[in-house]
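Dropping the structures in below, format is structure tokens.
Below are two complexes that have chain A in common, paired first with chain B and then with chain C.
Coming up: the complex of A and B.
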């Protein structure tokens, strides 16, 4: 019964409604930013910015192309952050929705190892060491509403529903888009619950749009070891 | 902790981290179930129209039923024919029209050549505006054009706006501007 997003970047106009709706619903403060010569603002995800429309300008086939990528947590099916934390009070999965959720107890974790475990470079740390990221608007989803970013999207870029439905929608859109963009693809469909449709090489959109091969091939040695030791560790605790 | 609804929302919602990392205690079980509770659960719902562009998107305003009745949330109205729940970045931010510490609540005046703004009363401001409109209009008023034809116009004032007005307000506004003799009347949705 896991929920999933389908983010169709071919429809995105970078209006940033999702970004603002996310801030609005979560009562997050604004960032103080400076003009860096791009409309992408703020520059990066932060402790109080869970959603960010990344914008890149690329010359593709001698034509200026503006690529938009509404970046957010992917709510991984096997979440490396959750496995690295090994503390369900700090990072846990909501079994009903599949959302990966962070609590205030993330303060007790080693923030750097959690952040570096994320193949998509999503979690961000506050000064006091608490870590935050997108929570899939779990409160809304439990009450039959769509996440704030999806509800507000005027173009149909952001979609949310049962994982199977989103996969089907993704495949349907991919087939349609392929006619015009032969290199179009869905990103990391088997690993994540936030499925992106892109028309060009994912690295042009964002360095971490897709999980790097090194991370994709498996979890880090440290996490693998811990996973192996888990049955023993829980025995030890008894 | 003994909290009313509003304070409860502030505690749970206004922490920099939002619901995801907020807590009202140190036992995590209530936090986890609290994280599933909607902040708009006990709020009153009112519909409104976004004040920005001329599209006229519908929105739902959630206000606190108790105490000060302040705004908890504003989001797109899924039943509205224009936007069907969608809002752009400006529309998604309209809660800040009321819930914003930087919002001006009194008219401000900066005198010519002055470098600072000062607070003035509504009466003073309205009086001053009327006075200046009258003076500018009278000074630049043309009864006839160069060919001697009667025009009764002023080209000293122009009007741009307003997308936030409805049909009836536009009529009153148009009548006001025409009675002053304005000919430069434009609507920003066309610009």
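Coming up: the complex of A and C.
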């Protein structure tokens, strides 16, 4: 059974412990940044930033809100990036955990098509063409630990466990917060293993918080074709 | 904290004001979140919308430095609408006490004021506090009217004092809309109902003002009126700025206290008996425990701990070997650097601190360091203090100060304890061994002591105090944290029989109730007596079993002062018959047996009760003579709504910050606290209502950095998140000044100017102050020129003023005046 995250943005304080814990566990270098007139930094995900807490100030119903969105790979159930790659040496699924994993061989892929295949705009490319993103701390998970971001989160925003368990937790929290926020929703539950709970229109948090309709239905012809061929393809691989 | 971190989860309404807990105490939000999931309301009041505000049910802004007006308005609202807990207020607070006729309040001054005659050290003036005394009956017990109707009882005086704090008046001062004020007042005042709990989480946003102490007093009054002291999910909770600030304060970090909040002796207290007599309060009320009556037991045990066998009855236990402060003089942080600047102080240990960035008006501090003969910097890394001689604008060839750097090891490299904000002493073990030549602070100070003793042994002047110091905290030549922890707890120094039980010489004292004033016990800090006993190191306990009341006390996890009591003043959480106001989340409960309407056996359950006496009343309502009032640390046993011990008045009154944007105080003719501490050397300047500095400024912290940034600025992952000094301002102010978001600007005050990146945000809004538009900006104080290596990110404390609170002499870094200039 796949593992899943439940990310309850209603509890997030943007302390960014998750963002730093991710860098620490993966031993990723820091970006050289400047203050761009906002607390959000770096500006976007990069080859060495897999997790980014996005921060947006919005006046909603005359009330100032500061929306926090700890962004990361969704470990899609049918991952467009994996399907676009068609190269299990470069991008593969760990069947035990459901993690979508990128290897050094991603260098051999067409980075642009992989990146544009992702409905959540997650993967990022190094100068040499290698692509990277969140790996679910797959090594930790195999050793009975939670991902670093989840272990470090003080508020209960980041949760991790069996998919069923996370779905149930998500539904429970959704019902609870609906009282205060009637527009609250869980994002793309059926498509992803990283389930976000948000209280406002997802686009206010981040353009790609939810898969855009266009990207959902309009997956590239190549992928669509291959999806149709899937039973064959897997037969042929045997 | 009167309560503790986990207890936040028991609250029904959490007010976060004067702190930004989500950002600066992130883990506290684990418990705030739990409370909210159980239905608690979270209110955030802050000049700026913060990450705490983002999570709050309700947010409103106030202008920095106007918290007393805001909270005074809450007192007025509670009294006007009869929302206070009458039973609690009448029985447990000093609301019924009759105040003497000499007390008065007129034109912003309490009776007994003399301008320019401070209690201690430089300040604008001082009071003769004897004018605020209570009226006593023929037995020298305060006169009381439990009906609260006597026109000179504290309750009526309180009502009168705060009747001036109308929503209209408060709004004019604070800039908060009347509707928002009422909303906060109403929501918080709902916790006055029995069974409801409201709590306050505050930090330096409240303390660092010329009226800091009185802001907290105002909230304490609110909490007493609402019956929120002593109960689960209530209390007055200071979020300390470092993991062990509570511990260092308990062990006398500050100049005016000795370990365990004993008093530093002054020169006029020329013998132990004079000193003890002056520090030991006397109560003639048999129902008042007046706990400080035990003072001599604690002071003598402390002296025995300092001087061991050398301390004897005949030599006043070595009292005369201890240095005394001069009467009427202050020795606070401000005063030390003032004297250093005056070349009166020649040598300086900067131990675990970075005054060149952390002290208010840091420019003066940097200049003062240049006047030293020597300085020893004990720290993890070099910092702006250690390197002051090569700082901006300093010519190293002109600096005569000899600087030594002693590398200290980091907390995880050594064994010992820390005491958190919730008063929990927690033992920690050594992780990695110290790196390189670095050594634990304990090792450094122990060896220093040995060397100083050697020198004094050779040819010391007035050598006795040093030579007689018991200095035996090593085992096999190394500092032994267990020896120190045991010394702090204290020993029996001879065989003693107490209540038919023999306690052997050399064994550890079980708790402070056993300490003696005759030299037969020692204790390095009476408050910690019970932390390390013959049963072992209590602070090393790690049981996750909760107490019977299941409210998250975890009594066998670590240890908590005093005597492992997790919620202090908890005897106010029960009614006079000993039964909890809140039946579900109760703290303690009396479960003695009764016969014919009287208690006949004594049994409390739950937390360690604040004194195990019988309840004040029997089940049939008759009073008991063998009970005590719940506020046992107060001379008269009652929570102090009227506080006649404070330097600036028995009731908090709103005064403007030393530097403020208004010509006059709307409430009274005194603009500034008439007892404020203000310094006036050539490096101390201030400017109020000065067109050159039209905007209110404040300082704060961010999640991503720590204190002056010594441990975080060299850490690339954190610098990635918050790389530069910045100033936050409203869109309106940015427009006014033609400043674009992300642009570099200069923030200037009467003292200095600092370059910052402009963060233009909806989270700051201009205030309407008495019809005028007032802008406010804010700067973090984590930066310094030493790192990042550009040297362009400087300390916000170059801007902050040379003024402070008369009770604590804490600086007013949270409200001052600045300008913002486009570069």
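Annotations
We adopt the following convention: the second predicted complex is superposed on the first by the 224 of 238 C-alpha atoms of A that agree within 3 Å, B and C clash if a C-alpha of one lies under 4 Å from a C-alpha of the other, contacts with A are read in each partner's own complex, and residues count from 1 in each chain.
In the analysis below, a contact is a pair of C-beta atoms (placed from the backbone, for glycine too) under 8 Å apart; a residue touches a chain by one contact, two chains touch by 3 or more.
Note that the coordinates shown come from a computational prediction; the quantities given were computed from them, not determined experimentally.
Of the two partner chains placed by superposition, A:183 touches none, neither chain B nor chain C.
After overlaying the two complexes on the shared chain, residue contacts for A:27 are found with chain B alone; chain C is out of touch. In the overlay built on the shared chain, the residue A:35 is in contact with chain C alone; chain B does not reach it.
Looking at the shared chain after the overlay, A:16 reaches both chain B and chain C. In the superposition on chain A, contact of A:139 is made with chain B only, not with chain C. In the superposition on chain A, A:154 contacts both chain B and chain C. Put simply, chain A uses residues 15-17, 19-20, 24, 29, 154 to touch chain B in one complex and chain C in the other. Against chain C, in their complex, chain A makes its touches with residues 11, 13-17, 19-20, 23-24, 29-39, 41-42, 57, 59, 64-66, 68, 154-156, 176. Residues of chain A that touch chain B in their complex: 15-17, 19-21, 24-29, 47-48, 89, 92, 101-106, 126, 130-133, 135, 138-140, 142-143, 145, 148, 151-154.
On the side of chain B, the complex with chain A involves touching residues 13-14, 16-23, 28, 31-32, 35-39, 41, 73-76, 78, 83, 85-93, 95.
Chain C contributes residues 22-23, 26-27, 29-30, 33, 37, 49, 51-55, 59, 702-704, 716-724, 726, 740-743, 757-763 to its touches with chain A in the complex.
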